[in-house]
Every structure is written in structure tokens, then in C-alpha cells.
Amino acid sequence: MLDHILSILIFFPALAAMLGFVVTKDSMRAYGIAVAFVEFVLSLWLWYAYDPMISGMQFMESAPLIKSFGISYLLGIDGISLFIIILSTFFTLLGIASLTETRHVKNLIITLLFLEMTMVGVFAALDAIVFYVFWELSLVPMLYIIGAWGGALRIYASVKFFLYTFTGSLVMLVGMLFMAYFYYQATGQWSFSILEWYRLILPENFQLWLFAAFFIGFAIKVPMFPFHTWLPYAHGQAPTIGSVILAAILLKMGTYAFIRFSLPLFPDASVYFMFPIAIIAIIMIIYTAMVAYAQEDIKQVVAYSSISHMGIIILGTFALTVEGVSGSVFLMIGHGVVSGALFLLVGVIYDRRHTKLMSEFGGLASVMPRYATIFGIMMMASVGLPLTINFVGEFLSLLGFYKQSHMITLTAGTAIIVGAIYMLSAYKKAFFGPVTNEENRNLKDVNRTEMLGLIPLVIVAIWLGVYPKPVLEPINNSVESVIQLMHDKAQSQEAKARIPNLSDVSGMNSMQEAH
Amino acid sequence: MELYLYIALFAPLVGSLFSALFGASAKTSLTGYVASGLLFTSFISSVLLLNYVLGGHTVHVEMMTWMATGNLYIPFGFVVDQVSVVMMMVVTIVSTVVHVYSIGYMDHDKGFNRFFSWLSAFVFSMMVLVMSDNFAGLFIGWEGVGLCSWGLIGFWYHKESATWAANEAFIMNRIADLGMLIGIFMLYWNVGSLQYDVVFAEIGNLPVVITTWIGIFLFIGAMGKSAQFPLHTWLADAMEGPTPVSALIHAATMVTAGVYLVVRANPIYDLIPNVGIFIASLGAFVALFAASMALVNRDMKRIIAYSTLSQLGYMFVAAGLGAYWVALFHLMAHAFFKALLFLGAGNVMHAMHDELDPFKMGGLRKVMKGTFVMMTLASVALAGIYPFAGFFSKDLILEVGFVEHHYVIYTVLLLTAGLTAFYSFRLVALIFHGEERYKLFGIHPHEAYKFMLVAMSPLLVLAIIAGSFKMTYFQLVMNLLPATQYHVHNQTIFWIMTIGTQLFVIGAILFAYKKYSNWNSVPDGTSKMEKSFGYKLLWNQYYIPKFYEEVFSRPYLELSKVAWKEIDLKIVDATVDMIANAIYKTGENTRDIQNGNLSTMLRWMVFGLVVLLALAVAFTVGYNAVGA
Amino acid sequence: MEITLTHYLVLSSVLFAIGLIGVMRRKNLLMLFFATEILLNATNIAFAAISHYIGDLSGQMFAFFIIAIAASEVAIGLGLLIVWYKRTGKIDLDQMNSMRG
Amino acid sequence: MLDSIHISMASLNIATLAPMLIATVGALVILMIDLLKGGLNKSLYIMVSLLFLLLDLGSLVDFGGVFLKNGTVLGFFDVMLMDGIAIMAQIIIVVGSMLFIPLALTSKRFHEYNYPEYFALFLFMIAGFQFMVATDNLILIFVGLETASLALYTLIALHNRSKSFEAAVKYFTMGALAAGFFAFGSMIFYAISGSVEINQIATVLAQDHYSNIGYVLVAVSFMIAAFGFKLSMVPFHTWTPDVYEGSSAALAGYMSIVPKIAGFVVAMRLFEFLVHSGVVWLQVILYIGVVVTMTASNIWALVQSDVKRMLAYSSISHAGFVMAAILIGTTQSNTGLFLYWTLFSFTNLGAFTMLWVNRQKNLLPGQSSDHPYEKFSGMVKTMPMGAVMMGLFMLSLAGVPPFGLFWGKLYMIGAAVSGGYTVLALIMALNSAIAGYYYLKLIVYMFMKEPMVGYEKFYFMNASHSLKTIIGIAVVGTIFSVLAVNPLLVVITQFVYNSGY
């Protein structure tokens, strides 16, 4: 069974979703939870069976799909994708378990299960086209979730979300086809296998163009400034579950793809574009933090904060050092947990008051102390307090980039300041002060169902902040192989110098030279 | 010994978690007792560890890995050595006292359980800070105390001013933390490790420029936590928190973390005396600057807060001049008498129903004898009168300045010592002497619970006798810190200096008494002095908070709004929509090509053909021309 | 003056152009059909002439086929025209625009 | 004057005519049945047509086998040309027709299906298309084209609505003009090469080193105009939306597939040798034509308010997309053309059949067309399966993987990339994104809006088992296309490559 565990992980939810059409409406929630739980346990088993000492791909599966065009059904995971898969199954489970939506629950759960398939698929795919298939397919359930269960502007938001990402992905697709064509020219065979592509060393000017093509697809997904404007709408209109999944998992596809595609395929271009991208990352960090500070709607604050955090992830990714890339992968998980939790929390208050405007609240801390506590913990995690999950990622990402540029890291480091500003002021507006709005006076504190969703997230946020090793170690091993691959493939002098050579025993020397 | 280490470290955490369990429920005294008991346990363990360390050993444990990736390896490692054990003692003593005191002080507060949870959590963070064996662990504690400080300043979260002050403190500390983070990054990429022992062993091999930058960035971190100019404004505002918090966090422990960092990183600062001079100069400046603001302030707690700030300046002078052990010594002594002062102020506040203006008090010594005695003695200690603790530590710093030939610094510190004595006794005089002005406001003061006074008594004792530990202490820390003795070798000058200083200080005290002990009215802002420029300048804290508000806070908010409403919505997003709309509009505007009229359709076909023919002819002509 | 192939081709082109103009200008459906007939027959002249000049029969074959097809086109076209006239009572092109956009 | 011609039956190779003859015979049989006994039910004619189409398909498959073994078969004075692409195009034509004909089995009664002539004309039309693709003789192309077109005009008109007549007249008139263009273009080719066979024209021109380049270009201009009409390239496309709107949804779906593939094959035969001969002008014109057709029709599709008209414009756009294959002119691109069209036929047929299923007999009050978007509001709530299927077709048309058309787009864009047309590849990709918008619009209506009260009974009004079966086939074809792509590619590549394209 372990031989096909990835296929099972991908298609089990989809199959269950199909069968879900038969299940009656009132039992649907239980069914959904059961399926998501089984899936989650399967993903945990995957972790158990995963050998953290092996840096390469594990649980590989391969079957030709379109042989004459080199497309094959190729799956496999390494430390980078393993945890994002677990995160996906985890959040699907939590999302369904803490679902408070009452309209058309059946459709919603079926959609969520399909979405789960695409999420797992994206992170398990090792063939570019299979990756692309899941990548695009993930838009559809999300489109439906936002469009059918969203707020007043839901149609605008969902269409914008879909078209924006769709456009970007198509450019990426052209890039993929180019890549395959280069492979064809080099070897005389078509192949879309990423692992095969890793072996190609492309001329630098080709790398630049291809990098740009991939970049557009990924950057819109992440989303990076200035392609980010779909995100606030999507989050603002999406139902809680939609925002949670979107923030926790779907955004990670973009950053994951950077590590899976852009870095190892185009090491020289990655170095070439390192600084422009770092500048964009800084804009994301500071500018969106400012925008978040100006928001009146608490969900929008969290939405913009996501962009800001994604900026740090991008920065860590383009640090091109083991520390930075590991940190960014870890931050993906951290940000997933934290922003997912924050969106769940916003959903809690939205369910009670049907508004998300901070001016409507105030003094919630005295009415809903448990809620305020959990929100506080998650806010502090979001701000990146040590011993919470985000700190590890942010610290490592910034640390990693410091090797490349001091000034940029210093500027990007303001993330810890501006992040605190908008988060604390939002918290203050909503939770502190006297209770001014009579409607807030008798609000109920978080109930058991909601606790069910939130407590595990709190536990994870702190557990991985205190003891990140079980996750960080496999990530590190896989990242090391990526970095080494990049170093080996790099052609330009600058790229060779910037990307550390790990096989070099006197690693410290190269570090000194970089200064 | 490791067991004691873990007990000392984790007992507060257990207390905190235990209290947190009851966080949302009604008050249970149990939380206070348990938390205090665990703190006492922690204190006992620290004492045992001190005893062990006095025997010449140190304890170093590595609990588990925290972060490990690439070459980076950060464990949860803890070290109890000569420096950290001193800090541990200070922290556990003061916090035990404050915990017990708080049982009484917070007696009627709804958030009693929550308070103890935060307070113990703070102690845990502080213990992590001082006991960590690497910079990252230090940073954990560093941020942890920041968090707890946020929670405790904003403890009464229904008050706007409290939450504002909490956020201000947190954010300002974050600014400094960024500096510290950068310092840590530099250390890692230059040394390859963040462990103290490795760093200090390797630091000498680095180019001085890098060491200098490392020193500067670490010190920026220290500036935030220890509220040095220009990041000082949060400390005075932090007085919004409950008074025990001010005593523990904003006087005795957290704010001294910056000093501790410099002391801890002495091998780095030893290599960069220029930075040291800067630190010392800044410290001297802050000492004077803060003392001047304390002169006119009318908020009891703020006066003490400025005094704290001023004393921190002293410590940085010592640390900056390389007299690390002196700095640490003053840190310790200061912790005792300043915490005592704050707790006394807490009693007064309780008695006065949270009134803070000393001008509205007066004559309280009759009803609050115990508090009066304690606060007076603490003030004497603060003023540095022989044989109280302050004399041994503070005058030593003056001597350091003198011995190191920094006469300007020396003069400034001397002047500050006078100011310190003045404002301390201005406060004491206004509160405890003179007419009972509080009667105007219908307040019936009463002395605090007896056990609170008992709880404070260890601090009183220490404030009096701490100076006598000086030699023991010196013996202890010279294992780790540069063991320079600062003595003015010329006996005459030494005596002149010592006695002169004492006389100067006593003079200042007498002046304060003379001026304020018979005060009989509440100033209403009409007196000549209150209208003078100097007074206004000091009263408004040199307009610095206002300056920050006008130059940073408000523009930042305005800019944020512009960023959102003008840039994000009107430019970035509008561009995207514009592209989409342009495509759509093109369709709208050109769909009439298909007007349903057959003639038009046929004409389009012929038009297409004609265009093709025209292009064909043009191409042929061009082709032939090129061909020919 | 000897009549060369060029003359035929010019004639054919002129006829074709007349047909095109007719197609563009005529609003009466019947006249429109006439114009298309002129178009096709213009081609026929050219095919026949070329076929004669190069001595190849396929041109004439083509012409024959065009004639046949033109005939069937007329049959269908007139059929449509009659039905249209029955339904609307008009054979004016400008009346025929219920579908647009 | 002429020598007597001795013709051996073997060289005549009558067999090459078999597929077309089968269709023709089928038509005649239908007419004869009607003569013998009138008033028979349409189901009989449908089944007879289906039967003959099956035979037709059988013969084509047989030819396919022969082709793979022996290569191209010539016949009938070398007029018939049964090469790979001819066989493949005919298979697509016949299969498409076989999927179309059961659509006549609606539950509502429609005027045209009462006439046996309808089915006879239908089979004649198929024969016409088959002739058109199975030859490189311009005369036969012309005859096939006109046979098919004339039959098609009639089929449209038989729908017997005011709009259908208008559509038929428009189509007919423009078709006549296009026929004139074709004839005139052929005439010029004939004038400069003395032949009406494309391969001989190519040979003559090549020997001549294109000295008459001006005339060639004029001829090509006429041909582009003629086939631009057939393939609805902008600005010769204007008939398309009106005709689609005027004809029944089923026939519109048919028109979007079968006539176009015939057109593509002829365009391939006619233009590719020119492209390969380095006629830069043609490359430029085709480039512009492809880009303008794709983009403009996409933009117009955005603003439509009727789903059928939207699909009409979308079909234009898809045709433009596929025309790129002729511009690129590599084996890969031509393979892509056939692959794309095969996948497109399934999806598009499904989409049009869904419209057909939702067709009501008469327009509702306030409706100006048969299939306004509003009609599909909230369909997921009243007809979940129907909405999901329609959504599926829309996603496939938009090129969302892993549904049918994605693989076609993938391969086509891949062909553009490997053919060196990078910018074209990008334009193709971006156009898919624009197209995404209007497909999404329907999905938005179906899935995100509330149903309109009183419309429920019109959903699936026209449904019958056979229609549902067709939709089922289309759905299966769309979803599981990924499994079919590889075999299709292998076969198509073989056919295309061995035909010399």
C-alpha cells in the first residue's frame, strides 16, 4: 500500500466526494469529517513512513500518461512537500470539523473534498503537466466556494480570483512547454518530469526568460506585489472555510513552486533576479503591512497580513542558502497554521455578529475571554514571537537572506515592527477598551465545535515553535540537496559564489569569501 | 545541580500555566498562592545554585535542539555561571516579593488569575533570558518579556491609555529587537554559531569593523529594552500597568536586560572601546535627561520611572566604560531599592484610590507609617547615601568615570546624582509630609495589608545591606568579567570626591525637603514657574512624545491610508480592472461590426479581400524592388 | 487587333469587379443573386479562355462544374427567397437584421 | 482529336470512392423508402442514416489500415487522394455526424425531422465534405464544398423559423460570394500553372521559383478569402454568430465541428506548401489572421448575452487557434490540429447538446433569443447534474486541465513553441485566459446565482434518452480524454507524418 500511498492520498478524497453525492444532507458533515480524518491519518502515516535521512524523493510512483509527449503520472515527495501535504489534509479536516456554514452543506463538503484532492496533487506531483493539472484544477472548487457561499461581492471576487490566477498559469504553461522543448532538443525525447529537467543546464539568457514565464504564474498565485489585489477581494468575500484553505494552502502552492521549479531549474536566473525579487518582497512586507494597518475590516487585516508574510517567505526562498530556504518552507507551514487559525477566528466572530468591521467591536476581551486568548496567541504567533511557529520560519528566512544582502535584510526585518503595528492595533480595536456596542454585550464565547478547530492549531503553533526539529530536519535535508543541485548547475561566477557549496568541507571558507 | 536549574527555570512556567487554567474564571486566591509558592521554589533553587557557583563551579545543560538547519544549530541550552546566577538571584528575589505583594495588591481585581499567569510567565521569560547559553535563547527571553510586558501594561485593557501604552512598549521594543536580530545574524554569518562560548572565543578573530557593527546592533537591542534615548518614551507610559508590574518589570528586571546583554557580551564590547564610549556617553546623557524630566513631573509612578531610566543610564556608563561588574552590581542594588520604591508607591496608590499626583497627597506618614519608612529608606538608598546600597554601587560608577578620565561623564553623573536626590525627596516630602491635601478630595487613606509590608521587607533589608556583598560579589564575577578594580589611587582626591559627593547629595535632599515638606496647595498651572519655558519643556518631556506622534505615528497612519485607498485600490487594483475593462469595452464598442445587416457582412468580406489584395500587391512591388 | 488571353482575363476581371460591386451595393435579394451569378460567370470566361490557350481541358471542366453549381445555387437561393418573401412580404436586405451583436 | 483513353479498372481504383458512395447511397435509400411509403417516423430515418454512417466509418477504418501498410492511395484518374489526413478528417466527419444524428430524437417535435429529405440532405452533405477532403483537385474540392454547403443551407432553413430563414439566406449569400472567390482564385492558379491539382501547382511553382509571385499572392488572397469564410476567420466570420443563432442548437454544434475540419484539411493542402516554400507574405498574413481571429472573436464573445451566440464566437476563436497549426506547419502542429479538433468536437458537441436539451418550443415572453444567460441562473439548484456537465464543458473549452481541450491546447501551444513561434504561443495562451472569462460567466450564472422562478420546467425540456446518451458520451470523452490522448497522438502522428505534412 505504501507503494501507492500518494495516489491513494490524492484520489481518496475525490472518490469519497463522488460517493458523497449519495449521502443524505444531514449526515454529510459526519461523512465529511470521517473522510477527512481518514485522509489525515493516511497523511500522518506517510510522515511516519517517511525516512527523514533521505534527501531525495520518496514514495515515487510512475506511469506513462501521454508517452509520445513525455507526460507521465509521476508522483513523489520530499521533505519540502511532505509537510505541506499534511498541512492540507489537516486543514481540510479542521475546516470541515469546525464548519458553521449551514447553506448547502452537502455541496460545500463535496467541493472541499475535491479541493483536497487538487491540493495534495499539486504537492505530490513531479511531472510538470500533472502539477499544472492539479494547480489549475484547484481553482475550480475555490471559485465555487467563494462564488456560491461568499459575501455581497462574491461573484466579482471569485471571477477575479479565477481569471487572474488562470492568466498567470497559462504563461507558466508556455514556460513549461519551452522547458520540455529544450529537453527535447537536448535529449531527443519529450519529458515533463521535473526530475529529468533538473539535469538540464540551460544557457543563462534562456534561464532568464523561462524564469520570467514561471515567475508570472507563481507570483500571481503567491500573490506578490503588484499582482496581489485579487487576494483581499477573495478573502473579503469568501466564507470562513474558503479563506482558511486559501490562506493556509493555496497560497503556498506559489511559494512551493518557486522552490520546486524556479530555483533548481534556473539557478543562474535565480541569482540574477534575486535582488529585484527581494525588492518586491520588501514592498510586499512593508507596503502591505501598511495597507493592513489602514484596514477597517478585521478579515482584510489578516488578508493583507498574509501578503506581508508571503513576502518573507519569498525573501527566504531567494536567500538561496540552506537556512533561508528551509526557513521559508517552514514559514509556509507556520503561516498556514497561523493565518488559517486567524481566519477561523474571524469566522467565529462573523458568525455571531455578521460583520467584520472592527469599529463594530471593542472590548471583546471581557465578553469573550477564551476567544480573546486564542486570538491573542495566534496574533502573537503571527507577529512572530519566539517559541511560536512563525518565528522559526521568519528568523531563518531573514537569517538566510542576510548572507546575500545586509541592507535588504535590515529593511525586510522591519516586518517584525510593521507586523506588530497592524496586528496589535487591530487587536486593540477589537478586543480592548470598554464594550461600546450593546450588541456585543451578550456574545457567547467560543463553543465546543469551534474549539475543536482552534485548539489543535494552538497546539501546533506552539509545539512547532518550541520543537520544530521533527519538521525542520526533513526539510533541511531536502533543501540541502536542492541547494547543492543549484550550486552544481550554476554557471555564472556570481551564482557559484552566491549559492553555497555544501559538499565543500571547508564550508566556512566560502562563507567568509562571500563577505 | 541540573535539577535545580530546571526547577529554577520552569517553576515560574508551571505557575503561569496553572494560573492560566483559571484565566477566564473568577478570582481564586489559590492561583496567587501557587504562583508565589513556585516562585519561592525557584528562588530557593537559585540560592542553591548560587551556593554551587560560589564553590567555583558552573552548570551548563543542553536541554534539546531548537533549530537546526544548514550550519545553524541552536539548542535550548542553559548556563548558570557567575553572571547569570547574579541575575537569577535578583530576578527570583524581586519577583517572589512582588508575587506575594500582588496577592494583596490585586485582591479586588477581577483579573486576579490572569495577572498571576502573566506575571509568572514574565518571570519564566526573564529566567530564559538570563540563563540561556546562546544569543537565540536570549532573544527568546527577550521577546518573551516583551510579550508579558505588553500583557501586563495593558492589563486593564478597558482603559484606552493602558492598551495604547502596551502597544507602544511592544512596538518600540520591536524596533530595537530588529537591531538585535541583525546583530545575531551578523554573529552567525561571521562566527557560525550563536553559542556564547563559541562566539566569545572566536570574536577576536574578526575584523574590527564587523565586530563594531555587531556591537552596535546588539546595543540597539539593548537600547530598546532598557529604554535608552531615543527609545525611552515607552517606559514612562508603561506605568499604566498595575504597580507590582512596574516594580518587577519596569524597574528591577526587564529594563535591565539591556545592561545584562552588554555585560554578557563583554568580550565583544571589550574589543570595541569606541562603541563603549558611545554607550557610556549615551548612558550619561540619559541619566541627566531622565532625571531632569523627573524634576517637574506630577505623576508619582512616572517620577520613579524616570528615576529608573536615569539609573539605567548609570549602568550603561559603567558597562560602556568596561566596568561590567560595576554595572551589574548597580543593576542588582538598584533592583532592590527601586522595586521597594515602586511597591511603596503601590501602597500609596491603594491608599489614595489610584491617585497619582503627589501634590494631592501630603501628610501620609501619619496613616502609613510602614510605607513611609520603606519609601524613605529606598529613596536614601537611591540617592546613594552611605551605607545604603546605592552608595556602593552608584558612587562606584562615578569613580569609574573619574578613573577612566571621562571627566565630562563624571560631571554629568555627579550632577545627576544631585538631581536624583532632589526629585526622590521631593516625592517623599510631597507624599508623606506637609498638609493632608488629600482631604480636599474626600479620600480616606489606609495602610496596606500587613503581609504586603512583610513581603516588602526583604527588599528593604537588601536595599540597606546590599553594599556589603560587594567583595563577595566581586570575587564571584571576576571569573567571567574583567576584574578591574576602580580606585582613585590618590587618597586625598578619593576622600574629597566621596565626601563631596555625599555632601552634595545631602544638600539636594535638604533642599527638596525645605521646598516641599510644607507644601499646602495643589498647583493649577498658574504659578510663574509652571509658565516658564524650562518647566514646560520638562513637563512635556522635551516634546519628544509629541514629536513622535506628529512625525512617526500619525504620518504612518496617514501614509497607510494613502497606501490602501490611493495606491492599492486606485492604482494597483484599478490597473488590473482597467485592463479587464478595456478588453470588455473594446468588445462593446466593436460589436456593431456585426450589425446583422447582410450588406454590411458582404462588404466586410469584400473589404477583407481588398485588403489582402492590396497587401499582396504591396508585397510584390516591394519584393520586386528588393529583388531588382 | 488580335484578341489575346489578356483581353479575356481583363474582361473576366472587369466582370468580376462588377459582380463584386453588385454584391456590395444591391439591397434587393434577387439582384444580389444576379450579382453572384456574374461573379461566377466571369470566372467561367477566364477558365474557358485559359483552357483554350494552354490546351488543357481541365479548365473547361471546371467551367462546366461552375455552371452546374451556379444553377443549383440559383435553385436553392430562389427557394429561400420565395419562402422569405412569403413570410415577410419583402426581399429587402435591410429588413433582415433580427440577429445582431 | 483526342486519343481514345484506355482505362483499366485497377487504375481507376473505384474503391477510393467507396466512403462517399456509401453516404450517397444511404441518402438515396432514404429517399426511396419515402417514395415507397410516406409518413414514416423519423426514428427509422435516423437509424438508417446511422447505419450507413457506420458502414462509411467501417470503410474508412479499412482505408486507414491500408494507408498504414501501403501509404497513400490514389484513385479515379488520380483525382481521389486517400492520404492520412484525408482518412482522418473523414473519420472525424463521420464520427461527428454519427454523434449528431441521434440528436434528432428529441422529446419535442421539430418541423425539420418530419421530412425524410432532411436526412437525405444530411447524408449528401457528408458525402460532399468527404469529397472535399479526399482530393487535391480544385474542381473536386469546389464540387464537394458546394454540395455540402448547399445541403447545409437547406438544413438550416428547414428549422422553419423566421430566424432560420434569415440565417440561411445570409449564409447562402455569403457562401455564394465565397464560392466566387474560390473559383476566381482557382482560375488564377490555373492561369499561372496550367493545372488544377494542388500538388502539380506546387511542383510548377517550385520549378518556376515563384517568378510569378504577384499572381500567386493574388490567387492566395482569393483562396484565403474563400476559406476564411468557411473557417470563419475575421473579417470573413460575420455569418457565424447569426447562422448559429438561427439554426437549431444541434445543427449549430455540428457546424462548429464538421465543416470546419473539412476546411482545415483543404487549407492545409493549399497553404502549407506555400508556407514551406517561404512565401513570407502568407506567413505574415496567416499570423495576423490567426491572432486577430482568436483575439477579436474572444473579445466579442465577452459581450454576448446569449449562450449560443457566445459559443458561436468561441467556435470562431477555437478555429483561429487551430489555424495557427497551418501557420506553424510542422508535423507536430498538424498533429495538434487533428488532436485539438477531435477533443474539441466532443466538448463542443456536448455543450451544444446541452443547449439543445434546454431548448423550449417557443420563446418565452421577454426573451429575445433561445438561450440567454439568465435561463441558466441557479441551474445547480434545480438540475445539479446538468449544471455540473455544462460546467464541465465550459471548463474544458476554457482549457482547464485535465478536461479534453486542455490537452489539445497543450499540444498546440507546444507545437508553437517548438516551431519557434514564441510570441504566438504566448498570445494563444493569453487568449485562453480571455476566453476563460466568458465561459466562466455561464458557470457563474449556473452555480452562483439564484434560479429564476418559473423557469424550472424549461430545463431539460427537450431531453430524451438519446440526447442524454450523447451528452454522456461527450462527458466521458471530456473527462477521460487524458487516457485517449496518447493513442490518438500515436495514430494521428503516423497518419500525418506519412501523408507528408
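Letters are used for the chains, namely A, B, C and D, taken in the order the chains are written, and counting of residues starts over at 1 for each.
Note that in this section a contact is a pair of C-beta atoms (placed from the backbone, for glycine too) under 8 Å apart; a residue touches a chain by one contact, two chains touch by 3 or more.
Given the structure is predicted, the values throughout are model-derived calculations rather than measurements.
> Per-chain Cα mean versus the mean over all protein Cα atoms: which chain has them closest together?
A
> Please tell me the distance, in whole Å, between the geometric centres of chain C and chain D computed from their C-alpha atoms.
Distance between chain centres, rounded to whole Å: 26 Å.
> Once you find the CA centre of chain A and the CA centre of chain D, what distance in Å lies between them?
Going by mean C-alpha positions, chain A sits 44 Å from chain D.
> Please work out the Cα centroid separation of chain A and chain B, and write it as a whole number of Å.
Comparing mean C-alpha positions, chain B is 35 Å from chain A.
> So the centre of each chain is just the mean of its C-alpha atoms; given that, what is the distance between chain B and chain D in Å?
Centre separation, chain B to chain D: 77 Å.
> Going through chain D residue by residue, note those that touch at least 2 other chains and give them in order.
Where chain D meets two or more other chains at a single residue, that happens at 169-170, 173, 177, 241-242, 303, 437.
> Would you give the residues of chain A that are in contact with at least 2 other chains, written as numbers and ranges?
163
> Of all residues in chain B, which are in touch with two or more distinct other chains?
580, 591, 594, 596, 598, 602, 606 - these are the residues of chain B that touch more than one other chain.
> Chain pairs that touch, all of them, please.
Result for touching pairs of chains: A-B, A-D, B-C, B-D, C-D.
> Which bits of chain D are touching chain A when the two form their complex?
Touch residues, chain D against chain A: 380, 395, 398-402, 406-407, 410-411, 413-414, 417-418, 422, 425-426, 429-430, 432-433, 436-437, 440, 443-444, 447-449, 482, 485-486, 489-490, 493.
> Could you pull out which chain A residues touch chain B in their complex?
160, 163-164, 225-226, 228-230, 287, 290-291, 293-295, 321-323, 326-327, 363, 365-366, 369-370, 373, 380, 385-387, 391-392, 395-396, 398-400, 402-403, 406, 409-410, 413-414, 416-417, 420-421, 424-425, 428, 431-434, 445, 466-469, 472-473, 475-476, 479-480, 507-508, 511, 515
> Per the contact definition, I'd like the list of chain D residues that touch chain B in the complex.
Chain D reaches chain B through residues 169-170, 173-174, 177-178, 181, 213-214, 217-218, 220-222, 224-225, 228-229, 235-236, 238-239, 241-242, 280-281, 285, 296, 299-303, 434, 437.
> Can you check the complex and tell me which residues of chain B touch chain D?
Those residues of chain B that touch chain D are 580, 583-584, 586-588, 590-591, 593-594, 596, 598, 600-602, 604-609, 612-613, 615-617, 619-620, 623-624.
> Would you mind writing out the residues of chain B in touch with chain C in their complex?
591, 594-599, 602-603, 606
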